[in-house]
C-alpha cells in the first residue's frame, strides 16, 4: 500500500465492506406469528442462494481490487473517478441481489436474472477500464518493479470478464438456474490469481 | 496522509463510505405480488435518478475531502469540529435524497428539490469554512511544501460552490428537472482538479 | 497512531462511523400519499432534534476517543476488552435515540429521556474506566512523552461526565426539553480540549 | 500490522465493525400508538439478550482476528479466500441473531438456538482452518519472531472451539436458556489470551 493510494484503498475497503455486509439485511427474518420456523426458513431458499452468490462476487471483486492496487502505486484524478465508477457498481449490487432473491421461482425470474447479470457485465467493463487506465505505459501509475508479464496476465484474465457475463445473460434468457451455476463458476475463475488463469 | 491527520481521514472515509452505500437502501425492491417486475422497475425511475445524482455528489465530495487533506498535514480541535460539521452534512444527504426520490413527479417535488439543494448549499458553505480555517497562514495546518498558487486555486473553486447551489435552488423553484441537470453539471465541475477549473 | 494500537483505532473508527451514519435511517421519509410534504416534514421535528443531539454526542465521543489514543501507545487484552465495552455503548446509541424521537411530545417522553441519558451515564463511566486503566502508572500503556499535567487534565474532565449525565437524568425527570438543552451544553463541554476545561 | 496484510486487516475491520453495529437495527423501536413505553421495552427482553450475546461474540471474534494477524505477516491467495470465508460467517451472524430474538420464549426457540449455535460451530471451524493454513511451517506466513510456544497455545485454544459449540447445540436441544449461558461462558473463554487458557 503506497501512501499515495492509501486513502483510495481505505475508502474503497469501506464501500466493499459495507456493500458485502448489507446483503444479509435482504434476508427476511421469520416471525413466530407467520407459522413454523423450519418451514419459513426453507421457503426462502432463494434468499440464501442470492446472498451467497453476491457475497462471493463482491468478496472476489475486493480480492481483485486489492490485487490491482498491489501494482498501482500512484494516483491521479482519472483514477479516482474510474474507481468511483467501480464503487457505484459495487454499492448497486445489493439491489439486483434483492430483486433476484424476491423473484427466483416466480414468473419474472428471467428478467431479475438479466438485471443481475447485467450489473456484472457493467462491473467487468469498468474493471477493464480501470486496469487499462492504470497500466497504460505513458501514465506511470504502476510501481516500477511490476513486470510486463504480470500486467499482461491480468489484462488477459480481465478481458474475459465482460464476454463471460454477457454469456451468462444469454444463459439466463434460456435457463435461470444454469446462469446462477455459471456465476459461481466465474467467481471461482476470478478468485484464482491471473498467473494460473489461462484465458483466451 | 500524515500521521497527525490519519485518524481524521480514516473516520471520514468510513462516514463517506457508509453514506454512499446506504443510498441503495432507499430503492424499493419490487415484490412478485405487486405486479410485473418490468413495470415496477420502470415506475420507480425517480429513485434511480436521485440515487445516481447523490452517489456522484457524495463521491465527488469525497474526492474533494481527499484533495484538501493531501494539503492539510496538521490537526487541531477546530479542524476536528469543522470536519465533524462537514460529516453531519454528509450523513444527512440520504434523507433529502429519499424525500426527492419519493416526490419527484408528484405535486410537492419543488419543495423536495429545494430541501435537496439546500443541503448542498450548507455543505458547500462548510467546505469553504473548513478550507479557510485550514489554509489560514497563521494556523500552519498545511504542509510546508504547498504553494500559494494551489491554495488560491482551491479557494477560487470553492467560493463558487455556495453561489452555484443557491442558483440551483432558484432553478428548482422554476423547474425541477432543470435543477437536477444543473446538479449533474456542478458535480462534474467539482470533479475536475482546481487548476483546470477557472471559476470567477 | 502507534502500530500497536492502529487496528484498535481502525476498528473503533469503523464502529463510530457506522453508528453516526445509521442515525439518519431513524428519520422517516414522508410519502406523497400521506399528505402535503411541508406539514409532514415539520411534524417530525422531534426526529431532527434527537438526530442532531445524537450526532453531536457520537461525534464528540469520537473526538475524545481520538484524543485518548493520541496518548495511548501500547495495547493489552484489558484495553481491547474495555474498548469493546465502550463500543457496545456506541452501537447502542441509535436505539435510545429512536425511542426518544418516537416519544418526544408524547406521554412517555420522560421514560424515553431517562433511557437516553442513562445510556450516556453508562458511556461516561466506561470512558473513565478506559482512561484510568490506560493511564495507570504501573501499566505503561501511555507514550513516554505524555506529561503528568495532560493526564490529570483529562482525568479531571472525565470524572465530571457521569455526575453531569446523572444530573441530566434528574432534569429529565422534571422537564424533558430542559434535559435536552443540558445534553447540548455537555456535548460542547466535552468538545473542548481538557486544558481549557476547568471542571471540579 | 505488516504492509502486506494491512488491507486484509482494514477490509476485515470494516466488515466486523458493520456487522457488530447492524445488530442494533434488529431491536424494534416501540411506538407511542402501541401502548405504554415501559411495558413495550420490557416485553422485548429477548432482543436485548441476543443483541448482547452477539455483540460479545463478534467483538471477541474481532479480538481473535486481531491476535492472529499480530502473528501473520505475509499474505497469499489462499489466506485471502479463507479470510473471506470467515467474513462470510461474520456477516451472516445478524440473521440467526434476529431469528433467535424473534423466537426466544416461543415454541420454535429450540430450532432458533440450534441455527444460532450452528453458525458458531461453522465460524469456529473456519477459524481453525485459517490458523492452520497460516501457521503451517512450510508456508512461512507468520513473522519470523513468532515462537513455537505461542503458535501451539493458539492451536490448542482454537481446537476447543468447534467441540464446545457442538456441545452448545446439544445443550440447546435440551434447554435453550442453558445454551445461552454456555455461549456467554465460551465468549469469556475466547476473550482471554491463549497463554492463560489451558484447554485440552
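Chains here go by letter, A, B, C and D, matching the order in which they are written, and residues are numbered from 1 within each.
Rule of thumb we're sticking to: contacts are C-beta pairs under 8 Å (C-beta built on N, C-alpha and C of every residue); 3 or more make two chains touch, one makes a residue touch a chain.
Not measured: the values here are computed from a predicted model.
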item	value
Label of the chain whose CA centroid is most distant from the centroid of chain A	C
Interface residue identity across copies chain A, chain B - same or different by half	different
Distance between chain centroids, defined by C-alpha means - chain A, chain C (Å)	37
Approximate Å spacing (C-alpha centroids) for the pair chain C, chain D	26
Multi-partner residues of chain C (each touching 2 or more other chains)	10, 13-14, 17-18, 22, 25
Partner chain B, residues of chain A touching it in the complex	3, 6-8, 10-11, 13-15, 17-19, 22, 25-26, 77, 80-81, 84, 87-88, 91-92, 94-95, 98-99, 102-103, 106-108, 111-112, 115
Residue ranges of chain A in contact with chain D within the complex	1, 9-10, 13-14, 16-18, 20-25, 27, 29-32, 36-38, 41, 52, 55, 59-60, 62-63, 66, 69, 191-193
